[in-house]
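Here subunit A shows up in two complexes: once beside subunit B, once beside subunit C.
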Partner chain A sequence: MATELMPGRKRLTTGSVVADLAVIGWFVFSLFPIVWMVLLSLKTSAEQTSTYFTFSPTLENFGTVLSDRGTALTSVDFTSALLTSVVNCGGAVLVSLVIGIPAAYAAGRWRYRGSNDLMFTILSFRFAPELMVIVPLFVIYNQVGLFDTKVGLIWVLQLVTMPLVVWILRSYFEDLPADLEQAALLDGYTRRRAFVMVALPLVRPGIAAAALLAFIFAWNNYVFPLILTGSDNSTVTVAISKYLGGGGQAYYNLTAAAAIIGALPPLALALTIQRYLVRGLSFGAVKS
Partner chain B sequence: MATLTTTSLSKSFGKTRAIDDISLDIGDGEFFVILGPSGAGKTTTLKSVAGLVDVDRGSVRIAGRSMDGVEPYQRNVAMAFESYALYPQRTVSQNLASPLRSGRSGRYSEAEQKQRIELVTTTLGIDHLLRRFPRELSNGQRQRVALGRVLVRPADVYLLDEPLSHLDAKLRAAMRSELKQLGAMSSTTSLYVTHDYQEALALGDRIAVLREGRLVQVGTPLEVWHEPVDTFVAKALGQPEINLVDAEVDGGVLRAAGGALEVPVPRDSGLAAGDRARIGIRPRDVELGRGAEPATDHLRVRGEVRLHERLGREIELTVDIGGVQLVAVAPGAEQVTEGDAVDLDVPLGKTHVFAAGAPGEDTARIGAPTVPGRNR
Partner chain C sequence: MTTTMDETGTREHRHGGTGGTGREVKPVPAWRRRLRPYLLSVPALLITVGILYPFVLGAYYSVLNYAAVRPTPEFVGLDNFKTVMSDPIFWTSVRVTAVYALVATAVETVLGVGIALLLNRSSIVGKIFEKVLILPLMIAPVIAGVIWRLMFNPQFGILNHVLGLGSTFNWLSTKTALWSVILVDVWIFTPFVAILVLAGIRSLPKEPFEASDVDGAGWFYMFRRLMLPMMWPYILVAVIFRFMDSLKIFDHVFVLTAGGPGSTTRTLQIGAYEDSIINLNYSVGSTYMFLLWALVFLTARYLVSVLGKAQKRAAGSET
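Presenting the complex of A and B:
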């Protein structure tokens, strides 16, 4: 009894030791590539492929990646790709939220003819591999002049971000008691004002979670920008891959440095909205 | 202040018929109670009046004006939800100010809002909670805030969905007696939903008993209590539940319990010799027999106490009379225990007669009102 009353002090059992070891093992396994990447990004070009251990860390690679405007070493303009990615993904998430929030609200609140079919259709955007639709898209984009434009990419990224936003937020709206908005209606507010005043603030954690996930998925998307953009609107993912041989030689150390820089914006966004996020991910899990 | 009329309201959710042909005619300023078990369609009826439920059939008129196609926010009704429906991100004071700020229940300056909120929160005893958030309140306090959000504003109709159900017993009794005396409440047409028959009898100018979406009986508390139209209504009112005893017409009387129980056949009942019926006797009408002779208009029956339950000041006795169990309520001072033989005096004028039916089946009332001197 006494030990149970002391929180924080856990009994050491075989089971808990095994569980802890398994967690540590998984931790090492999943972090190893990142550690490798960080090490690689700190190596010089001479060291990057050596099979024996030499290590004299340098930040030179980061400087090269950030200052290279596609002239010095490679044909990659990484900083402008970074900017393009921010604009594309921010734009895609914004459009998805503006259209997706009302859509999710309607789907979560009302059953109407074909509502399930509509939701299924939105989800089905994610069924087919992107490569399956990329050829017709490429042709269409070329014809209508959307090839290598930011608008074009924001548009096509909706296939990635919109289903996420709609499906995540629908369950949030479903969990929200309808009585709350009904009370607002009887207080004398229109449906629109009841939605903005009552429903919207209460699903803010859901919006934060959906926006972040959508941003990450859009950020990491590779196939759409690879095929649908040229040199003007290349994105981070495409730019990173170019270090692997776009200029004739593979720069693994530059690839690693670029990948690390490229991972920072989503990380920064996640940290910024973290306080909404933690509440958000558990919000729908339990009935309160 | 307004009259409220509903005509043939019907609504199904999927295959479930929530309400069916609900027609009510509620007078200006009347306090009208809808009584029924859970799932009877009470809340659906309220929400139909509010316009929150789109009915399949039927119409609602408030103050003589048809509510067809009128949005909830244009109906000038206020509702207290059973779930409270308080805005979680707002303080009590902001919750109460919400209907005053929408501009549809009148225009109020900041000072007027403050004054109204003060008045209603003082009445409800929640004036010390104004700065709290709903999550920081007990259920009883939340319920009073929900009630306050209704009372704070003038409205044509107040809709109250079980507004006392989550209060503790003491507070509920106190609030029940206060509720009708609240100025706003006594002058505003109110539709009050409850599953508690005591609330219904105490508060209602009239009561509608609802079962499985249909109206069973509408009447004043006296009518519903003394002339239940069927065994469902009879059982819904009163605790302990009314005794129902199978009987047979024999020699001009209804005979039950092996001849121990004899009740006159009601006038105009159409019952002939050999017909079966059910006798209803409320436990609180039965008295323990004293002296050698039963009181006038009472029938004395003798039985054996099978079960003895002390309920505070009273004792609930289950007495076996010729193989039939009869429940009676006796004053707590009575010295009886299980196994004792007791005399029970059954008031013949207060018995009810219902058509025969299988156990659990509800059957209609037979014959004229048992209450003498009633003019309906």
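Presenting the complex of A and C:
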């Protein structure tokens, strides 16, 4: 009936059972690949292609992936890729915060000429085809020695992290009543102190959400490190894709273990900011 | 944009409307107050210019004949555009990209709205699953590609086994590859549409629904006449994000098929990758990207104008 559209009334009807079954159907589809990946990561090399569900599970693969033994077997140095990803993404988010917060504050607090142009230019980076920027950068980086460096990647990751930080935080600063800072100014605070002591603490959840979401997307990014790094500063995403490439013996169980390790940081971070996720993912367009 | 600052009507002025207030203890000169937003934006502006530089350079490459084998390029006008647009493989890429973006966005929108509606009911099953809804979305698309490539494997992959397709069905053959990469896109990104729409539904006012329930309106009538118009802006935001992203899809497709077999999954960005990074012909790759960028830009303009109208209409239907 009509009230089904809005929650409230609880009844067990054929309709609600069918709806529940549909929900379960989606989640079987949605979770099955992840479950299978976990199973695969627990198999030994002998079992990886020979069995589906019955095997004796072992955690050995995770150790192998993170050790020199794994590097020797697969020629993928996963531990150093992990480290590189942490440094790159941490660095990229930090730069975006330091540069983005003032700009987001200015755009959220005042209407000034050019404000919208700057904001939409920054947003357009999010939607621009990456290779349009990467191809020239590939040439430039090779000339100036930034190819396969962390600095080079932190710079280009601004395309991912900057629009997120600026747009999410602008929407938070917009929601903040200007009267609060006004009151602080009347109390004799300087503009800067009013910002640091009043505005900034109030948008702390927004800053955390923006920072973590930016970190997730920087971490998950593939196309920038694929083209702009070589073997020295390969990231997690590139390392994982390398397990499948090349000839020789295939280590599917190691691939699965590496994929799980690589997927864990974003998943853990996403769960901690679940409340702010919708607002972040829509760049502040949908507030929940 | 840096010259005139006359319309810097700051919001603090508008708020402190009742005479005399808004005066600071230590008055800051007006010119400094006007300059403030600009000064705060300077670092972001510099980064923006820094990013626009390679972007403009990329556009410039498309009128040169720049390649690794030709380190001192010459100006060739629109030759690259002529070459690219008379090359059948470019049109294959355009077709693949168009089919990919349209089908993936359509399927994800329908499924995402459906899932949002289902999860919006207060059911225990829904509550449990809502927590894990976003898992595929937060896994890197590359990792999703790796997972699905292993699952698609005809010999030991789990899909053929579970679905009883034997070991001969090939998910990544000439005929099936495009649909398989779209399937993976649906797996990753449907939750994106679902959580946006779900947040939208939950923010809707309850009164119109209660009122029309009292009036005896049916489920379908209420959905069509009340819920859909009010939800439409949220759906459109999700559609815009998905469609724009699908036009430049790369990650999981590259891992799954690298554009093959043949060119059946060669999207525009994969085409540009082949030309500029593998063949090291920067100008041809940049021409691809310039055309894709133009397509993305025009589509964005159109979709955002549709969104603006929908938001106005939805606001109207709420009052």
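Structure notes:
We take it that the second predicted complex is superposed on the first by the 243 of 288 C-alpha atoms of A that agree within 3 Å, B and C clash if a C-alpha of one lies under 4 Å from a C-alpha of the other, contacts with A are read in each partner's own complex, and residues count from 1 in each chain.
Please note the rule applied: a contact is a pair of C-beta atoms (placed from the backbone, for glycine too) under 8 Å apart; a residue touches a chain by one contact, two chains touch by 3 or more.
Owing to the predicted nature of the structure, the values given are computational and were not obtained by experimental measurement.
Of the two partner chains, neither subunit B nor subunit C is touched by A:L83.
Of the two partner chains, subunit C is the only one touched by A:T255; subunit B is not. Once the two complexes are overlaid on the shared chain, A:Q182 sits against subunit B and subunit C alike.
When both complexes are overlaid on chain A, the residue A:V151 reaches neither subunit B nor subunit C.
When both complexes are overlaid on chain A, the residue A:T190 reaches subunit B and subunit C alike. Judged by the number of subunit A residues each one touches, C leads among subunit B and subunit C.
In the superposed pair of complexes, A:V28 makes contact with neither subunit B nor subunit C.
Judged by the touch definition given at the top, the superposed model places A:L59 against neither subunit B nor subunit C.
In the superposed pair of complexes, A:F125 makes contact with subunit C only, with no contact to subunit B.
On subunit A, the surface touched by subunit B in one complex and the surface touched by subunit C in the other have residues 179, 182, 185-186, 188, 190-191 in common.
By the touch criterion given at the top, residues 47, 50-52, 71-73, 75, 77-79, 81, 83, 85-89, 98-99, 102-105, 149 of subunit B touch subunit A in their complex.
By the touch criterion stated above, subunit C contacts subunit A in their complex at residues 1-2, 4-5, 7-12, 15-16, 21-22, 24-26, 28, 34, 36-38, 40-41, 43-45, 47-48, 50-52, 54-55, 57-59, 61, 111, 114-115, 117-123, 125-126, 129, 131-136, 138-151, 155-156, 158, 161, 187, 191-192, 195-196, 199-200, 202-203, 206, 209-210, 212-213, 217-219, 222-223, 227, 234, 237-238, 241, 244-245, 247-248, 250-251, 254-255, 268-269, 272-273, 276-277, 282, 285-286, 288-290, 292-293, 296-297, 300. Within the complex formed with subunit B, the residues of subunit A that make contact are 177, 179-180, 182-191, 198, 201-202. Residue ranges on subunit A touching subunit C, taken from their complex, read 1-8, 10, 16, 19-20, 22-24, 26-27, 29-31, 33-34, 36-37, 40, 48-50, 52, 98-100, 102-103, 105-107, 109-115, 117-118, 121-122, 124-125, 127-133, 135-140, 155, 158-159, 162, 166, 178-179, 181-182, 185-186, 188, 190-191, 216, 219-223, 226-227, 236-237, 240-241, 243-244, 252, 255-256, 259, 262-263, 266-267, 270, 274, 277-278, 281-282, 285-288.
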